[in-house]
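Some structures to go through are shown next.
In the two assemblies presented below, chain A is common to both, partnered first by chain B and then by chain C.
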Partner chain A sequence: MNLEQYLGLFIDESKENLQILNDNLLKLEKAPASTEILNEIFRVAHTFKGMSRTMGFNNIADLTHNMENLLEPLRSGKKQADGKIVDILFSCLDKLENLVDSVIEKGTENKDNLVNELVEKLKAVINSESSEQSNISVGQKMEFNEYDRAVIDEALSQGLIPKEITVSIANECVLPGVRSYMVNSVLENMGEIIKYCPTVEEIESGVFLQTNDSQYVIKVLLATKEDTEEIKNKLLDISEIANVEVINVSSLAQKAENLSEDASSKIITVEETEANEENKKEDGAQVQKGISKVANQTIRVNSGRLDILMNLVGELVINKTRVFQLSRDLANHDLINAAGFMENITGEIQEIVMKLRLVPIDQVFNRFPRLVRDISKSLNKDVNLVIKGKEIEIDRAVIDEIGDPLVHLIRNSLDHGLETPEDRIKKDKPAKGTIELSALSEGDNILIRISDDGRGIDPEKIKKKAIDKGFITQETARSMSENEIFDLIFKAGFSTVEVATDLSGRGVGMDVVKSKVSTLGGTASISSKVDKGTTVTITLPSTMAIIQALLVKTGNETYALPLNYINEVIDIPAAQVKKIQNREVITVRDKTIPLMRVAELLETPDYEEDSEKPLTVVIVRSHDRYCGLSVSELIGQQEIVIKPINKKLCSENFISGATTLGNGDVAFILNINTLI
Partner chain B sequence: MLEELIKSGQKDIQVIIFKLGDEEYAVSIDCVQEIVLPQKATRIPKSPKYVAGVINLRGNIIPVIDGKIKFKIKETAQNLKNEKRIMVIEVENETIGLIVDGVYEVIYLKVNEIEPPPIDMDENSDIFWGIGKHDNRLLILINSEKFLSINEEKTVDTFKKVTEAIKQVKSAV
Partner chain C sequence: MTKVLIVDDAAFMRMILKDILSKAGYEIVGEAANGNEALDHYNKSKPDLVTMDITMPECDGVTALKNIMASNPAANVIMCSAMGQQAMVIESIQAGAKDFIVKPFQPQRVLEAVKKLVG
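On to the complex of A and B.
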């Protein structure tokens, strides 16, 4: 059987399941007795087992199988999940991640002796008396809960006869799941299926009932008018069906009723392990409906196709602008109306397509609880991680890139920021430190903040270090603002911690964080108060592909300035430009800001400045740093589609991208971050 | 390069012939995406001199390089302005445009018509395949794979030397 085509599906689902496992293990650590969480973990392990067996990944299957065995006594309440068990489960998770990674990379599992070791460990922990096989071994009779019995009574009153049908599929059958579906569809035609055991979900993950001589057994309760022989014959027509037994159930139902009168418990089940699930699901058919409902809400789409769609919409937006321009030039009223209508629709399409690329930032955030748990354990620090705004959506391209910088920042907070519990008590702080990771949207930008309530950063220390390292001179240090001082931390080779640990402090990192964020078109800044804590703020554009921009002209050239960097546009008389230390500055509302002439900066050819004319200055802001850019003229605000450019030929980082304008011309987008 | 071609057992290669200055050059047709008429390029600020700028090719923005400036080839009066073309080529996963003085024809060049370059090119030998002799014409075969790496002065010098050598051979004939 060719399983290659299912590999992608396996990987996707594995990733999802690993995440669920991770979340629930973290929850389990806090609430070790919760059966709900244990059931969820069990379910994931179970699904994993089924999927990996099907794909032939036996290491994963073995591991998850033994995880199930470990979970079994926990679920039934025979044992408590203590720290040791949670740790083992975490190491299982890590191993699973490892194995899945190797599947992603090579398409096969790593041959790994550690798996066996882990399995042995698991086995050791599993109490001998509760180490029963987790495969559902059934007693000979199917039993029913109240709901089932109500349905049986209903069927009897309609003149249908409930029959319990036991179907054994041949042991050598390769696809018992398929046979099971065939059984299901045959029986569906003959009457009403009240109960189908195992459930559809279980069959999908390869779990069947078992008897002494058969591996794949299905039990069905069918309300039908057909007679027993007819049912038997039809079922035996399906290939690979070894045996069919049909028993009339009326007597069974009776018996169950008796039992329920005797027993005080409301639900009688064959298997204790099934009790909870049974309770929730009622019956197999409904589960199936439920699944198809969920499946209709989301579909997986190849991201390559999304990119193509994105590009096409980009073209559409450009042409829309062009049509709109033409219609206005022609001054034809009907045409303007039609073009306006088209503009609205294009706008909506664009918005939706942009949204398709957005994913909740939770996809990055969800890995941090585990990270914080592990690091805080190894550092003996007690930490409370607060995550806010995980529903904020951000471009897929950003999600892939932002993870590593955030990991770095969180490590920093844990390692350098937070004090040890003893130190914290001495400072009158709660022993448990807090790290807050939050996302919020602000206009077209997304802000991600990592703040801790640790020891903070002393600006004087930074200054001293920077002078020692020769980044700045004594003199400049004196005139620097606090923000400028904290910015020094982002310089390459800067680290204030003397001892490098394996976590952080090697002086690489903050500059990498900065450059990564800046390639994403964002900015990073630090603020801190001694003994109060440190906050790192990352500002990112929420979309990467289409932005609002101000088009400006210098000489004959057109450039685009991203609108989210622009503070204001002013005209200023040429005489008001002053020189400080050979740099031109202007004063805007009592604030002195540097002035840059774009034409000089970009060496625009054939450009002559009229010294009499007032200057048109666009004031841009990046990280609380302001700068005035003098341009020849403003063209207007417009939506532009960012197109990639050849990085080798566009030197000096002046340019972050390019775009095509309505008339087909190309305009470069200025990279404000590196410009000022 | 040439040895590899001979080893591969291929009998001929399809090349496109274009002109820069006085000489005819050829490049494997596999890397040529299309040939377009010259259009106004937008200057890239602070880019090297040989970069003419970028053009909008059906929505894709591609940089355009002036072949004559890049390889320091002298302008000749004979070349007609209206024969200028931009050859859009794909090299090392990047699409770039190359301004040439004319694109003439596509031919099948027999492998045994290719000779090694006339001068010793030591470490830069991989920028050329060799010299193609075809119908009494001498074609300088450029290795498109190494096209963009012809950046350093030295490689440009080699390029010039080969071109000069070909000129001498021609005048001797």
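On to the complex of A and C.
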């Protein structure tokens, strides 16, 4: 069987299951006796076992199998989960993640000795508790006591024929006990069963007769009127029955001989541990129903297909605009109506497609409780992690990318932001620190905030460091606002190890965080109060790919400006442009803001400055910073589809992408964040 | 064509079974992820055969089997179990399941069981 094709699904479900496992282990730590949680953990381990065995990932299967064994006595209440057990389960989870990761990377699981170590550990814990397992000793021969003989005589007198039936169950059968049960059910209907060898109890606990060819053999003495062939056929109708022999037993003496003569028969014990534990497991599994969450009514779609759909809808939106334009030009009333109707529908399709790509931000947030638990444990800090707004939905593309920056920020908060419990008590703060991770939607943007109530950052120290490093001069430092100062932290090369200790460690790799957020079309900022705490805010667009934009013309080039950055558009007489420190500025409502001429900035060809004409200035805003962009002419507002553009083609990152316009021309999309 | 309903909480397992069965010419008339869905589907699509996972959230396979048997005593249900669910499987057989298959599924074994029941 070619299993390659299932790999994707295996990985998807494994990830989900790992997450459930993670969540429930965290819960288990707080409520170690909850059968509900234990059942859920057990179910995940069980599902894992089944899937991974099918895929041939035996390490995962072995590990989860032993997890089940460990969970069993916990579930049945024979044992209480203690810290040690939870820790082991956590390390199992880590190992599983590890193994699944290797499956994701290479399509096969790593050969890993640590798995065996873990399995041994698990076994050790299991065995320390449940040593009451005992082997069942089985007699080699079927012996007839007084009662048996009486029954046989009775049967004979009723005209029944005692038959000795030897059933060999296929060696590859996994649950021979169940097959024996099925054999029993068939025979029960055909006559009277006088004797089993081995006994029913022995069969149930996995004990069978064994011959050279077959591991699982049972012999039954049946008093019946049925034809030998009929018995054979009925039994062979059961799956996994390899062979059936039926011998008429004419006399009791002969019978006894037949059964005992079988010299090659010997008794073996099969998986007695497993078989005995089954019974207990089953009891627990019953309790399980009704506990798990209702499965969502969802279907899985390959994200590649979604992207294609997205792109097609993008094209549709562009062409819709074109049809609408044409219908206006032709001034045909019916056509305009029809085009208007189409526009509405297209709008709805677009909205739906955008929503298809949205996933709850919980998919990123859900890994943090564990992260915080582990780090705070290792740092000996007591931390309360508050997560808010995990239901907020955000574009899938963002989800995949934002995880690492957030991990980094949370690590920083834990490591350097929060003080040790002793220090906190000295400062009259509660010994337990709080980190709050929240998401909220604000217009078209999603805000993600990571706040702590730790020691905060002293802006003066940052200033000093920035001056030392030569990022800023004494002079500029004096005129800088607090926001600008904190922004220095995001500068590449600002953070070093010694700064890290001086300044609560913030800044380690913060430039990486900032640049990651920028590539997602978002921004990051820091605010902090000494001894009160620090908040990092990340603003991200909630949907990507299709945006509202203002199209402007400069020279012969058309550019698109994302609408959510635009504050206003004004005309300003050329004479009102002033110069401060060699930079052009304009004053808008008593506010002085820098002016940039798009044509100069981007070296637009065929651009001629008309110094008489008033300037058309688009005021853009990003994170409380304003900037005026002077353009030749406004074209209008339009929805555009962002098509990625090779980064190497855009110098200074002033261009964030390109789009095709209704008339087929290509327009560049200006990256406001880098312009400002 | 013989109609089959597949019940398993893991989409992965459903896909494996679906592939095995549809390649052999069986028509998959439905999939269900828990016992409650299974009963709904059963009554809706009246399949000739049901493959029923034992361990499922919400309503497990044995309960679902009993419900199905109650609504149609002649129903053909094959239980799907993992290693080590002997007691559950026996309970299912008692309740009227016609056969069982064990994960990991061997295509040959699955088809053998299905053929025995519905040809």
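Keep this in mind: the second predicted complex is superposed on the first by the 495 of 676 C-alpha atoms of A that agree within 3 Å, B and C clash if a C-alpha of one lies under 4 Å from a C-alpha of the other, contacts with A are read in each partner's own complex, and residues count from 1 in each chain.
Please note the rule applied: a contact is a pair of C-beta atoms (placed from the backbone, for glycine too) under 8 Å apart; a residue touches a chain by one contact, two chains touch by 3 or more.
Please read these numbers as outputs of a predicted model, since none were measured by experiment.
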{"item": "First, second, both or neither for A:A658, with chain B first and chain C second", "value": "first"}
{"item": "Partner chain in contact with A:G107 - chain B first, chain C second, else both or neither", "value": "neither"}
{"item": "Which of chain B and chain C A:G347 touches, first, second, both or neither", "value": "neither"}
{"item": "Broader residue contact with chain A after superposition on the shared chain, chain B or chain C", "value": "C"}
{"item": "Contacts of A:E315 with chain B and chain C, given as first, second, both or neither", "value": "first"}
{"item": "Contacts of A:Y181 with chain B and chain C, given as first, second, both or neither", "value": "second"}
{"item": "Partner chain in contact with A:R53 - chain B first, chain C second, else both or neither", "value": "second"}
{"item": "Touching partner for A:R43 - first (chain B), second (chain C), both, neither", "value": "second"}
{"item": "Partner chain in contact with A:F668 - chain B first, chain C second, else both or neither", "value": "first"}
{"item": "Chain A-touching residues of chain B, taken from the complex the two chains share", "value": "42-48, 51, 54-56, 59-63, 94, 96, 148"}
{"item": "Residue ranges of chain A in contact with chain B within the complex", "value": "311, 314-315, 318, 557, 601-605, 643-646, 648-652, 654-655, 658, 660, 664-668"}
{"item": "Parts of chain C lying in touch with chain A, wherever the complex brings them together", "value": "9-13, 15-16, 19-20, 33-35, 54-60, 62-63, 81-91, 93, 99-100, 102-107, 109, 112-113, 116"}
{"item": "Sites on chain A touched by chain C in the complex", "value": "1, 5-6, 9-10, 13, 43, 46-47, 49-51, 53-54, 56, 68, 172, 174-175, 177-178, 181-182, 185, 204, 237-240, 274-275, 277-279, 281-282, 285-286, 288-295, 300"}
